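Please read the structure below before turning to the comments.
Here the chain labels run A, B, C and D in written order, and each chain numbers its own residues starting at 1.
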Amino acid sequence: MILILLILIPFAGGLLSWLLSRWSDKWPRWLSLVAVGLDLALAFSLWIGHRSSLYFIGKETWIAEVKIKWIPGLGIGFHLAMDGLSLLMVMLTAFLGIMSVAASWTEIRERVGFFHFNLMWSLAGIVGVFLSLDLFLFYFFWELMLVPMYFLIALWGHERRIYAAVKFFIFTQLSGLLMLASILGLYFAHGQSTGTFTFDYEQLLGTTMSSTKALFLMLGFVIAFLVKLPAVPFHTWLPDAHTEAPTAGSVILAGLLLKTGAYGLLRFAVPLFPGTASDFSNIAMVLGVAGILYGAMLAFAQRDFKRLVAYTSVSHMGFVLLGIFAGNALALQGAVIQIICHGVSTGALFIIVGALQERIHSRDLEKMGGLWTVAPRIGGAGLFFALASLGLPGLGNFVGEFLVLAGAYAVNPGLTVVATVGLVAATLYSLWMVQGAFFGPRKEGPKVPDFGAREMSVVLLMMAVIVWIGIYPRPIIKAATRTVNTLRQTVGPVQSNKKATQPSSPGGNYDPQ
Amino acid sequence: MNITFYLTAVVAVISTFMVITRRNAVHALLYLVVSLLSVALIFLILGAPFIAALEVIIYAGAIMVLFVFVIMMLNLGPQSVAQEGQLLSPGIWVGPVILTALLSGELLYVLLRTPGRVFNITTVSPKLVGMALMGPYVLGVELASMLLLAGLVGAYHLGRKDRSDGGAS
Amino acid sequence: MMPQALLEHGFLLAGALFALGLIGVMVRRNILFILLSIEIMLNASGLAFVAAGARWGQPDGQVMFIFILAMAAAEVSVGLALVIRLYHVFKSLDADCASRMKG
Amino acid sequence: MPELLWLIPALPLLGFIVLVAAGSRLSRRTVAIVGTGSVGIAAALSIFLGTGFLAYPPLSHHYSQTLWTWIDLGDFRPSISFYLDPLSLVMVFVVTVVGFLIHLYSTEFMSEEEGYSRFFAYMNLFVGSMLILVLADNLLLLYLGWEGVGLCSYLLIGFWYKDTANGKAAMKAFIVTRIGDTAMAVGLFLIFVNLRTLNIQEVMQKALQSWPESSALAVAAAALLLGGALGKSAQLPLQTWLPDAMAGPTPVSALIHAATMVTAGVYLIARTNVLFTLAPVVQEAVAIIGALTLLLAGFSALTQHDIKRVLAYSTISQIGYMFLALGVGAWSAAIFHFMTHAFFKALLFLGAGSVILALEDEHNMFKMGGLRTELPVTFRTFLIGAASLSALPLVTAGFYSKDLIIWSSWSSDKGGPLLWAAGFAGALLTSLYTFRMVFLTFFGEKKGVVNKRPGIRMKIPLVILAALSIVGGFVELPRTLGNFPAFSGFLNTVLPPVETAHGDLSLEAIMQIGASLLSILGIYAAYILFLKRRRYTEELGIVPISQAIHRFWFSGWGFDWLYDRLFVRPFFWAARINRDDFIDLIYAGVAWYNRFLHRALSLTQSGRIRWYAAGITLGAIITIGIAVIL
């Protein structure tokens, strides 16, 4: 029931926001804030309640589950379930939801109600994606989160918003179509082999089919998720969409929408096709490394602050891809932490860029410079998150990147060394960004007011999360342990067969105490 | 074979040719009436007296009269004939004729691929037609009535004078 | 001895009339003539139906002709209304005037 | 008592947090008290713990303290824990004491500057990170400190951020060291994947057990850690960032780029000495790199105009000595030289700082001169530092430490005549460039006007450091001079003693006398060349070939030029070329193609009925044609 509430609250919040916006612009803002706050509180209570059961390997996989018949004739059910990974994702969603509502408090002045409606529905779709265990339902939410996002970009975006929105929509829609084809393919493959036609995830696990069929079906899923992630060479929608979206849109895009790709890989693509996925892992890891380096290089080349941040996402999500397909406990946990930290740190950078744009009406780094003098708080926050994104130890991103790389090193040392060069590249673009925006001589321009209390508290909260994960990531690791273990049990055998020469499988089978 | 059939056919073709080459709309209309009457004769030969009658009454009578009314309403003078001359340059005929020749060639090929089938002509009485109409085709009749109603409404809507002199809405 | 006929000949006549109508549609720019040519084509196809019906001595061909007739009547009424409207707007019967919906 | 260990790094970090959170609202006085006080208490605490450690050495020869487990993932269990043994005690002592003195100096030096609290916040963060680095009990925590000090170095080099040049220098420093750090990170992966632990002591034990000498893994691990050390300690080929790092405020140069951070590489190698012993190839490389670096940097120091750049090159050169010592297995000698170097080099930087402050930001030594009467305290302390740097025999700390290195490079079984010769020649170079600086700055005719004389808060650190630069050497006396190896004895539980191959006492004495003479000769040569007979150098400066050499040395042997052509420009070029992402062009191509089709097809929508009719006819022809053919 609590799972349905998690989805329903933002839905209802969005609708109410729209309805009540005719009285005052304040209503939708406060309502949305309350709605996502409630969501966060619910998720948090689940976390507190299941702290220990998240960790120990019990019989049941899920900490909460809802299973209602929906269209039984076609084997479609309303099946929601939550494990540690989805719990973390839902919490991230609610957290970034609050941040994005707060960040667009003064930025959005037109059609406030409709804006918050879209924001909330997009969030609801994302929560649904993280919770649904029926492939049909999953696809439903997958598409649901796109449409409001399209409106967010197209209606409240910047100069080239229509172009960006259409590009975003075409990329994700086409890839979603591929996934739909694969879902149907899997549905029929399972139906043919067992006689029961169902979209239910748990039943579809372990469907037997020919390896070529499995390869094509998996590619359908994987491409959909890679586009969303995004991995090179499917990344080109991202810089446009991120750059043109309003701040809240960018935060949700970078912080959450990309994560649905990673989540999809972890939840669906790999477990549904374990053997095929591990055959595919080398290609995927190469793609990941390519993303790390190529994204970093493109980020360095940008003059547009927001575009730069957008490309850093490509680079960071490369680490996630590398970690997921490296497949051992270290790398998988690293990927999970990287997902969360990237969501927060990049979200924060987008909030900072958004705040700057609201103040100086430009995102051009060459027109900025010397902002530290007038706005030291913005500068400090920018510096902090730039450092987070270059992977400074003590901040969360470092933990994620280090774990991913250490895990990947056990699987493929050569590739990992190349990926590690990404750390240098990350230094390049991060410092370049800070130097361009905040240091150097102050150029003439409009007055720049520093962060106020609202923005400061938003940024401080996000800093706190990053530092917390940086020096004490164990709660996150604990929460994801069971998911990671299950994942490794499905994929593990194949991998350990492949690496039978190495006695203790790297990254380690481990039993947490 | 029935010599009347061929004579009538020749008349039909010639008059139809005259229809599409005339510049004066009224002349074309009169030729079309001739064409329709000769087709009516062919219907008679083919043993369909009821249809022949309908052809004369509705086609040659009602529909053509409709055309005449419209031409009268438009009040086309000699200048429209001259204008029609400008529109009908000789070069314009080439493409359509080639296309049509190709199409006709194909049809001819299909028709003549099989040997000719001679059959006896029996007259199908209006009674039979009526029974068929009200029997198996009754749904078609209903649909035709709907169509006519739609035509009626459409024609009324389009033909009525606008209050505002804009588009046809 | 019953009168006899070749089915193909009826079809040939129908084809010839149809072809002439088609040429008319393609050649003429005067919308009135286009409508006339369409009438010719409809009539020709009706002729083909009747000829085919006569081959088997069944009423179905004639029924079809009646349907075509009904359709032609409806079409002409709407078409002529359009002619009037066109002339009203463009002061001309040239169908190419009404090309605002070109791509 | 050892339970207080965590406070040592925590106090400066606390200071950092306070200064960041409330810095802009505090008065300068409060900022100074918080900034200096936190480090001061940490220094007192470290002395307190140190005396306790000396008085009652623990049985296991170390204290350790675990705060919490950082990451807990199967075998991967690095924790936030501190490990105090003699080696880290020496490091902690130097870092906190020198750090405190430099903080004290800065309270006056920076008093006119904007961003006073920002400065002390960064400095505190630096001290905290450095302490984490030296106290870390596992490599991951060490890496945290390692990157932390790199960050502070970046922030402090670019402290005067309004000048873009400073920002560039800061970025260069961070990026070049990050290249080394990346190698080190890969080393960490390698060590963890193969040894299943990152705890330093366990790594050493397991490496000894499972890696045979010269095995590929040991060599790779040592080489990768060396990569990190080279970057941080500005050794060949990653030395180019340090001279530019002088863009930062002078106390920063003293603390970070002379006394502490740049010697982190030395600490790392000493700390993981087992790995290097297991990889003799790498250890030999350490020695060779050290020898080369000390010579190259010495020559470059000889040609600089900027007093701080002289000191920067000198630092590179002296760290080269330390690397030489590490390379020949004289671990404790390296740490000994690190300690004395920290004292006298910090002293020299602070002295240079007060000169620069006095002459209103004048860095060029050729525009100074005759300051010995104007700035007597500075002059005397600077002279002591310079003497110590030039290893003036018997009375200076530098003599004892450097002499030990030169002797070890001969006597060690890993040493040899070539390494010894490099060290020996370096000694001459050192005294030559050092006293060139002294004579140009403090002797000769007066050229600048002194505007500001150092106050008490600047004088105290100078005097204390000068004292340390003299007495600091007496903790380790060679066999020829009293044989009092207290320092190496103290460290021998951590660092194995040097394995001597040719330990002839008389030879050692001869060499010491030779080195002493060389040092004095260097000073005399500097006196002749740069004070007494300036025209020699001036005449030399006219010869084209010497001009070319001068330019070459001045530019640091052209490394910057080379790297600029080899890496920087190609990278910028590639980035600029691909700014719009060529992959996007593929998708743009698809879009263009569709738009083209759209235009082509929309042409068929001519709006003419005749065309449509013709189209239908054509379609009919084709359809029927197909039907006929089939």
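The rule we apply is simple: a contact is a pair of C-beta atoms (placed from the backbone, for glycine too) under 8 Å apart; a residue touches a chain by one contact, two chains touch by 3 or more.
A quick note: this is a predicted structure, and the numbers were derived from the prediction, not measured.
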item: Comparison of A-D and B-C (more C-beta pairs in contact); value: B-C
item: Whole-Å separation of chain centres (CA-atom averages), chain B against chain C; value: 5
item: Geometric centre distance via CA averages, chain B-chain A, whole Å; value: 68
item: Centroid spacing, where centroids are CA-atom means, of chain A and chain C in whole angstrom; value: 64
item: Chain centre separation in whole Å, for chain D relative to chain A (CA means); value: 38
item: Residues within chain B bordering two or more other chains; value: 95-96, 99-100, 103, 107
item: Contacts with two or more other chains, residues of chain D listed in rising order; value: 610, 614, 617
item: Interface hub residues of chain C, defined as touching at least two other chains; value: 22, 26-29
item: Pairwise chain contacts under the document criterion; value: A-D, B-C, B-D, C-D
item: Contact footprint of chain D on chain C as seen in their complex; value: 22, 25-29, 31, 34, 95-96, 98-103
item: Chain D residues within the chain A interface of the complex; value: 20, 24, 68-76, 80, 140, 143-144, 146-148, 151, 154, 158, 161-164, 167-168, 170-171, 174-175, 178-179, 181-182, 185-186, 188-190, 192-193, 196, 574-576, 578-579, 581, 583-584, 586-587
item: Interface residues, chain B side, partner chain C - complex; value: 1-2, 5-6, 9, 12-13, 16-17, 19-20, 25, 28-29, 32, 35-36, 39, 42-43, 45-48, 50-51, 54-55, 58-59, 62-63, 66-67, 70-71, 73-74, 76, 80, 83-84, 87-88, 92-93, 95-97, 99-100, 103-104, 107-108, 111-112, 116-122, 124, 128-129, 131-133, 137, 140, 144, 147-148, 150-152, 154-159, 168
item: Chain C - residues contacting chain B, complex; value: 2-13, 15-17, 19-24, 26-30, 32-33, 35-37, 39-40, 43, 47, 50-51, 53-55, 57-63, 65-67, 69-78, 80-85, 87, 92-94
item: Chain C contact footprint on chain D (complex, rising order); value: 601-610, 613-614, 617
